[in-house]
Amino acid sequence: MTQDVISGGQSIHAPDNLKTLLQTILQQALTVNDGKVADYIPALAEVKSDYCALTVATLDGQVTSVGDATATFSIQSISKIFGLMLAMERMSDSLWERVQMEPSGQPFNSIVQLEWERGIPRNPMINAGAILVSDVLVSHYSASKSAVLSMVRGLCNRDTVCVDSRVHESEKDHGARNAALAYLMKSFGNIESDVEEVLDHYFWQCALTMSTEDLARSFAFLANRGKCPRSGNQITSHRDAQRINALLSTSGMYDQSGQFAFTVGLPAKSGVGGGIVAIVPDYGVIAAWSPPLNSFGNSARGMAMIRNLANQLGLSVY
Amino acid sequence: MTQDVISGGQSIHAPDNLKTLLQTILQQALTVNDGKVADYIPALAEVKSDYCALTVATLDGQVTSVGDATATFSIQSISKIFGLMLAMERMSDSLWERVQMEPSGQPFNSIVQLEWERGIPRNPMINAGAILVSDVLVSHYSASKSAVLSMVRGLCNRDTVCVDSRVHESEKDHGARNAALAYLMKSFGNIESDVEEVLDHYFWQCALTMSTEDLARSFAFLANRGKCPRSGNQITSHRDAQRINALLSTSGMYDQSGQFAFTVGLPAKSGVGGGIVAIVPDYGVIAAWSPPLNSFGNSARGMAMIRNLANQLGLSVY
Amino acid sequence: MTQDVISGGQSIHAPDNLKTLLQTILQQALTVNDGKVADYIPALAEVKSDYCALTVATLDGQVTSVGDATATFSIQSISKIFGLMLAMERMSDSLWERVQMEPSGQPFNSIVQLEWERGIPRNPMINAGAILVSDVLVSHYSASKSAVLSMVRGLCNRDTVCVDSRVHESEKDHGARNAALAYLMKSFGNIESDVEEVLDHYFWQCALTMSTEDLARSFAFLANRGKCPRSGNQITSHRDAQRINALLSTSGMYDQSGQFAFTVGLPAKSGVGGGIVAIVPDYGVIAAWSPPLNSFGNSARGMAMIRNLANQLGLSVY
Amino acid sequence: MTQDVISGGQSIHAPDNLKTLLQTILQQALTVNDGKVADYIPALAEVKSDYCALTVATLDGQVTSVGDATATFSIQSISKIFGLMLAMERMSDSLWERVQMEPSGQPFNSIVQLEWERGIPRNPMINAGAILVSDVLVSHYSASKSAVLSMVRGLCNRDTVCVDSRVHESEKDHGARNAALAYLMKSFGNIESDVEEVLDHYFWQCALTMSTEDLARSFAFLANRGKCPRSGNQITSHRDAQRINALLSTSGMYDQSGQFAFTVGLPAKSGVGGGIVAIVPDYGVIAAWSPPLNSFGNSARGMAMIRNLANQLGLSVY
């Protein structure tokens, strides 16, 4: 038995037993075996490929999970949302003079495009954009890491969220391309602080470890017009929540963002640790995790799980 | 006095007198004077720059207009939606082997990207993609122009919709770059029919002339889960309507699509004739027209009018 | 026994029996089997891969050949020199406002670079540059093909030089990429005549058929300060002969020009028919032919033969 | 009165009084006022724009100079030849697996091309290539700076040649783009040593200060088949001298190399300090200096002086 709820302007087919639906979807996803765990640093390459988790947090406060939903993993690029939130708060509209808001049409680590755009990244969801955001944080916060950590712990209501220092160090050791992006932006005058310090912040925030339950709780405010449904705190304005969702819709899934909009229709962000979060305005957040990545750097099973769930519940914002 | 309606998951602040609101927005837009009428062909360059129109068609069948809303103009790239609809119907999923669904991150007439992508356009909303779609129509319909015209006339319920033959001829005379795109795709084996015939269809559909009222009526099905609210005909499946809206959201406004999503938050398509249509799922369609274009090729006043209306009514899908 | 002659500022180790040396070099070249006959048009793909010819024409009028040196083949891009000669004569310095003289650093048919350079080809030895030159000829000669044919027949002293009409037609049928280059130049206003006519001239001159003896005789003036050693006619000024040699040195061997300068050190031009001509200032011309091409589009055996001969005789201009 | 000498395969019109000719050419050059002194670092921007020097060192040991020919200046990219000489000596042919020998067709500091070529620079005369060469020196010499300095002092026979430490430090402070190039190569695995150390060597060698007389003497071996005409030492093999000259011919004058070959016809290398050296095989070396640069980064007066001298003496190798 199901009941209809109104969300995204559409009646969502909400099952009596969401958990059963999630379980079915997770089982189907486990048959997907065509991805490859990120191996550019040893600390990520060692992660077991059979982890799989799916969590839905709805705005009424319910959190429904299946699989390894409390196991923590490296959130990697999902952290770009956290950095962006703080930078938007601190810089307001002037932020957008230093980073654009356009889809890139290029791989996430493209240096070619950064050169064409004279050191102005296309958006804050590609690496160059997130490094630019890290420069803003390092330049405008006395303790940029603490600022991020404090915000994240508050959002997911878990004070033990921390960074995997081995991943952090490993990223720095293998971060030559990101260093190239940062130095190129500096050569165009678009990095204010010391490049090494900026990169250190960037790699640090990529190394945050969270579970799908942590992520689903953290981003509930984006589905709730900027207000955290648990605490009632207005995290961002409704307008800024919509803006962040817009950025995620056009640029959140690397160079597969268009396909994700076409087949799923939700604002979302992925990370090479295998995590994906998808925002369903006025309904809730879906968080998925499974380490093997497709050729675009998105979790193969995570994509499949969110697509199935969104299609079955009719969640597309379009 | 206003009343609240539910749309896009959000209560839309629907004014008693929508016409008064539109009138105010149109007056404000007329103070915007920083665009430039398209001048790459004489037939477009001659259009008076002070035309301005704004129409809202809601799903209950009401059409509210201010300004030159029954004057017809060259719809140009807005016609890409019509072409795409027929190609999706004829080709189904195999269409997406010949054109991608990713934002381009490049100007609409980029030949560089088409070369990188080995003749596979990034999406059907850039010129290369629409030329590819024209090849599909020319190759799969015995009379591709008639097929488009018949569909368009039916959608907007006006049997006198036609093509401006002077614009059509003028486009052909100045179409060297589009010819370059077509021949490059042919060199990669991605054009089946004769290039001249394909370009003729493409230039022909760009030269369709319609009013904002015509456009608002035509695309109402995209806001109505694929069904035409006037005739009750299911024009496309709900799924395909969502897919088209997704493409418009990531790629409909040329290289300003990300900014439009960020500031407006609606699927939309513009043309260099100065027209813009924006889809509000489960609410209706906004159509705007004013010839002067900003540097991205989008109507400067049209952008301003739709942004103001969307923000005041809270229409963002995000 | 050998004698020393002075050429290129260096004593050239000229063997008593040049023919014997050429024979040895040709035999060694026949053991090279790693190329692939051009197959983009059937008429070229059918050419037997075991043809091999080597000719040296010295300024004293001697022509020494081994192998299939009187068999004719499609000279393809070698014809770019003939076109350039006529265009330089007709346009003088103003030619260089429409085509640059810089190495391209890109494949010979790059459309990306042409876009960056706003329709101005990097040099007359890449396809775009030669198409531009063809536009000059079509626009400035009442009968551009006759002008080329007459000049070529005079240079090689053979009135039966002609075009392989099957190759000519076949090039046109498979010329989509060159059409893309031409239309892109036209879109930038850098093509004056009708694109179809320009391409027809270009494909026609590529289809000229000549033997290595024809080629060696034809280009002797480039080694002789502009004067044809046979007729005594001043074909170009000394300055223009040096300029053409300079272009061949930086841009004559496709994207292997730098390597050819490094390993051989002579101005040279190749064609995908398998022919190569190399100019030795104040000494003579080397012409080689063998159809199988390396990955850069240069004759694999032709490269080997010219390199061996140049190294053994000490012919580098550097 | 003049006498004819044989060089480059051509009789060179050697004036009785070379000094008078040089004086005339220098006076003409001083009327050229359209360049701009390099200003990317303060230490270069401060150099007086009216310095001008011209030196010819012939293989008989004569050194003829006019203007500020003993004043020292920052040789900048001319140092790339010194680095390359040591790297060729140490690495032999394996060097060319890590750097190509093709003209770049791009600005000297292009990062776009380096990305396309997967971290393999197009040639050792662009910045990326010279940084790669610096990595070779840092990795293969226990004291790479000493090795360079010792070689340079020996070549020009002046033990006081040194580095301008203010320029060296200043380059490091403004070296973000070069750092981007180095880190990008490292990300492709093509830098072995520590990036900071590699860049330090690179910036150090760019800061070498020499006079036109120093430079003319230093590179005489390149005109003399590898042998220093003063000491009689074989600096490189004849083959390697020709190879270096070939690289200078196709890639020595930044993105004006093709034009320099076309109008002058000599292997040459320029630096943003305003120096240029040109090699005349079997004749000698021309060195020119004047700080104001044209838009390509080449000394405007230096180009004019070398072109005039080469044309008047008929020095083109082609």
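What to note about this one:
A, B, C and D are the chain letters, set down in written order, and residue numbers restart from 1 in every chain.
Heads up, the rule we're going with is that contacts are C-beta pairs under 8 Å (C-beta built on N, C-alpha and C of every residue); 3 or more make two chains touch, one makes a residue touch a chain.
This structure is a prediction, so every number in the text was calculated from the model and none was measured.
Among the remaining chains, those touching chain A and also chain C are B, D.
Ranked by how far their CA centres sit from the centre of chain A, the chains are topped by C. Centre-to-centre spacing of chain B and chain C amounts to 50 Å, using the average Cα coordinate of each chain. Mean C-alpha position of chain B lies 56 Å from that of chain D.
Here the CA centre of chain C is 31 Å from the CA centre of chain D.
Shown for chain C are the residues in touch with two or more other chains, of which there are none.
Across the assembly, chains come into contact as A-B, A-D, B-C, C-D.
Only residues 6-10, 100-106, 113, 122-123, 241-243, 245-247, 249-251, 255-259, 261-263, 265, 267, 281-283, 316-318 of chain D touch chain C when the two sit together in their complex. Contact residues of chain A toward chain D in the complex are 110-112, 115-116, 176-177, 179-181, 183-184, 186-187, 195.
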